[in-house]
Amino acid sequence: MTLSSATRMRRACPVVAVALITLCLALPAPTAAQKATKPLRIVSLSPAITESLYLLGLGENVIGVTTYCNKPSQVRAKEKVGTVIQPNLERILKLRPDLVLTMTLTDPRSIQKMRELGLNVVTFTIADTFSDLCDVFLQIGRATGRSEDAARLVNTARARVDAIRLRTARLPKPGVLVQIGSKPFFVATKDVFMNDFIEFAGAANVFRDVASGSVSREEAVLRDPDVILIVTMGLSGENERLAWKRFPTVKAVRNERIYVVDSDDVCSPTPVSFARSLSDIAALLHPREAKEFR
Amino acid sequence: MKRRSMGVLLPAACLFLAAAAVTAIASGSAGIPLRKVLTTILEGQATPEFGILMDIRLPRIILGFAVGGALSIAGVILQGMFRNPLVEPYTLGISGGAALGAALCIILKLHYVLPVTALPLSGFLGSCLVILPLYFLNMRRTVLRMQGILLTGVMMSFISSSLVFLIFAISKTQELHSIVFWIMGSLEEPSWTLILVLTAIVVACLFASFFFAPVLNALSLGEEEAVHLGIDTERAKKQLFLMASLLTGISVSLTGIIGFVGLIVPHFVRMLTGYDHRRLLVVSFLVGSGFLIFCDTIARTVISPIELPVGVITGILGGSVFIYVLARRQGLARPGGSL
Amino acid sequence: MIEVRGLTCGYGEKTVLHDINLSVGKGEFFGIIGPNGSGKTTMLRAMTRLIRPAKGTVLLGGIDMKSLHTADVARKIAVVSQSMPLIEMTVREFVLLGRIPYYRKLQFFEKDEDTAIAERVMEMTGIRHLAGAFMSEMSAGEVQLAFIARGLAQEPQVLLLDEPTSHLDITHQAAILDLVKRLNRQEGLTVVIILHDLNLASEYCDRLVLMDGGRIKKVGIPAEVLDYETIEAVYRTVVVVRENPLSRKPFVMIVSEEVKEKCAGRS
């Protein structure tokens, strides 16, 4: 029996080969053809996604953004289709997008409703670490057919970040407290990517070990950070900085190393903006070596 | 405000509901003019406008009809049973329980596991978590104590909202946002099945409530008087309480907390129909549905593209109109003047 | 008509009535008198089954009330109280509520029969001209008449009244009691009435029961019950009892402190 199956295979090979070759020539290359005939119409439901799309050179393809999207400045002229959490389905439907990109922050009911209405919705998870951030960026690249550009940008960003990490590894690590809320007092723990900023910039998060960021100021004073970063998420940064003066025992207060960081720069970043902000933060944390990071 | 006869009120209420529905289907950020609506429904099957009308606006109108009616009827029943004008479906803490259920569902990420049913189911179970203890804690030897229910309900409301705040404190930002928006109430619901099931239950309860109308009339004189008039008050109280709780629980679990409808509509309608529940129930249902649909339309369009939570509009609009009507009414009550 | 056997009942842990034995005949005008807290209202509540007796039975027309449905009871006994409805309603609507015990299971509108009966009882009680007015606009006397009308709308065999005249002036007191007496004599309605005015009770009632501390002190016709020793023992105040010259019923006179001192001084 083995003989006849072997003969059968030998006879089948050329037929299969011809069939395959014909198939390859006959089928059109889908993405290439589509890219040439119709530009992709994309609705973005997150400022981070909007920024990423512009980085990938898809600025023209973006037809709808949220009211929170403000970077880069060209975005202000684009049509607004609601907020991050509550997209306005009528507007989106009317724009007839090919692709709707959302973060998991968006109301899952709205996402499901959009899928039921026949829209192509892709949802990305919010990143907690730099490497997750890169993954999401690559996914966005894949979803929009710009995988190569995405890979290129991510590699550049990774290289820059690695370089900074290498440099800061040899420097002494200051203890850092990152404040992201004032009423109530709220700090960044190890579960948010702010932590990556701190660690890559060669510092230690004094609240690395807590499960939730709602800690008391007493605890903060007890942990005596060398540097305090105040992220202005709707806070008045200056007021907060002055509020710390009540605790002169804290090293950061004594040495006047309290810095206000603009939340737009550090919240919902792309790998590219991450790298940029990282160098700024590294410069803040290591003032003597600041020139190397800028 | 003079009392009007049913011959005037019933058609007027139906007209109000119809007007609200028509306004709702013709309004939205996509801007489809009224003339085009009819043609789109009949002919434009494939256009995005058709999708907008039938899959975005229509489900909201139907849900608004069901929930507005449910909350109004629940309000009428509870105000009649407790003989207290400040009682509304949420006073008893049912909404607090539902909010707690939804909050737990969101932080345990159950709605990623069962996308369609997890959130409404958790909300409903949460409301049951309040209704059942409320019922059994206030049964003393088969007598249901109304005052006890009211007080216990208010307390449970406080407890559940505190627990929800506890969940806020330990949850991540995105979860926080989701919980807050669920609580603020919205007529957005992707599942047609759930909407239609809710509507069926609500309409069934409306018909059932008709048969309780004479009972409610008697109860409005007080429990003792109702017994004198031959009403089996214990059985009636239990059935009415469970019906009102069911209506509130399923509404809240699907739409979140939409306040004031169950409080304002019964009061307002009572000024027109009088206390007789045979008229009050039907007219409240129609007016409540129309009111909610109308408020939802405003919430969707007033600062487009941002959608306000519908509870904001019901509160502001409903409260203001009510205060105006009440003030006018008291202003007219001069000695010798007629109301 | 109503028979109470060995009734002991109360509220929760507290027992108010102890071993009451009483019977009210058909067509009787029966009065319940006694000081405050002696259990008069409790007795009335036990007769309408608002309170479940701990011991003993209440028979209505020979049938144990436990076996009767609340609607059955409401078709036989009507209670006239004073509690003003909190909700705005017209007199006609209020009186029509008395027809609820006769509603069939699926009926929720009044039949013509119901409206006719309502009109008739309003005529009987003389408030027909107020039918469209709101209850809140009426005087105390008119409200009481409306309550009686509602009770009559139940087409009862027994009318129970809980102090229907305590808050009224003598004009209305007489009017209402005369009305009830007329209904008793002409329509054959059995009446059980709680009165705190001993003289009104004496004047209008066929028989009286005097309650004291949850027990029956005395039962009988007014002349038997209202003698000065019994009254002084129960009410703990000095009285003088004489015969009313027109009706020949006993008339109780309170002796004030001044008078007591004057009499003591003279003797």
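Each chain gets a letter, A, B and C, in the order it is written, and its residues are counted from 1.
Criterion: a residue touches a chain if its C-beta (ideal position, glycine included) is under 8 Å from a C-beta of that chain, and two chains touch if they have at least 3 such contacts.
Bear in mind the structure is a predicted one, so any value in this text is a computation, not a measurement.
On a Cα centroid basis, the chain most remote from chain C in this structure is A. With centres computed from Cα atoms alone, the innermost chain of the structure is B. Taking each chain's centre as the average of its CA atoms, chain A and chain B sit 41 Å apart. The distance from the centre of chain B to the centre of chain C, each centre being the mean of the chain's C-alpha atoms, comes to 44 Å. Look at where the CA atoms of chain A average out and do the same for chain C: the two points lie 83 Å apart. Of all residues in chain A, only 67, 80-83, 85-86, 88-91, 93-94, 96, 104-105, 107-110, 112-113, 116-118, 126, 212, 214 touch chain B in the complex they form.
Chain B contributes residues 83, 210-211, 213-214, 217-218, 220-222, 224-225, 227-233, 274-276, 278 to its touches with chain C in the complex. Interface residues of chain C, counted against chain B in their complex, comprise 48-50, 69-75, 78-79, 81, 83, 85-90, 93, 97-98, 100-101, 103, 105-106, 108-109, 154. By the touch criterion stated above, chain B contacts chain A in their complex at residues 28-30, 48-49, 51-52, 55-57, 111-112, 115-116, 119, 169-170, 174, 177-178, 181, 186, 188-190, 304-307.
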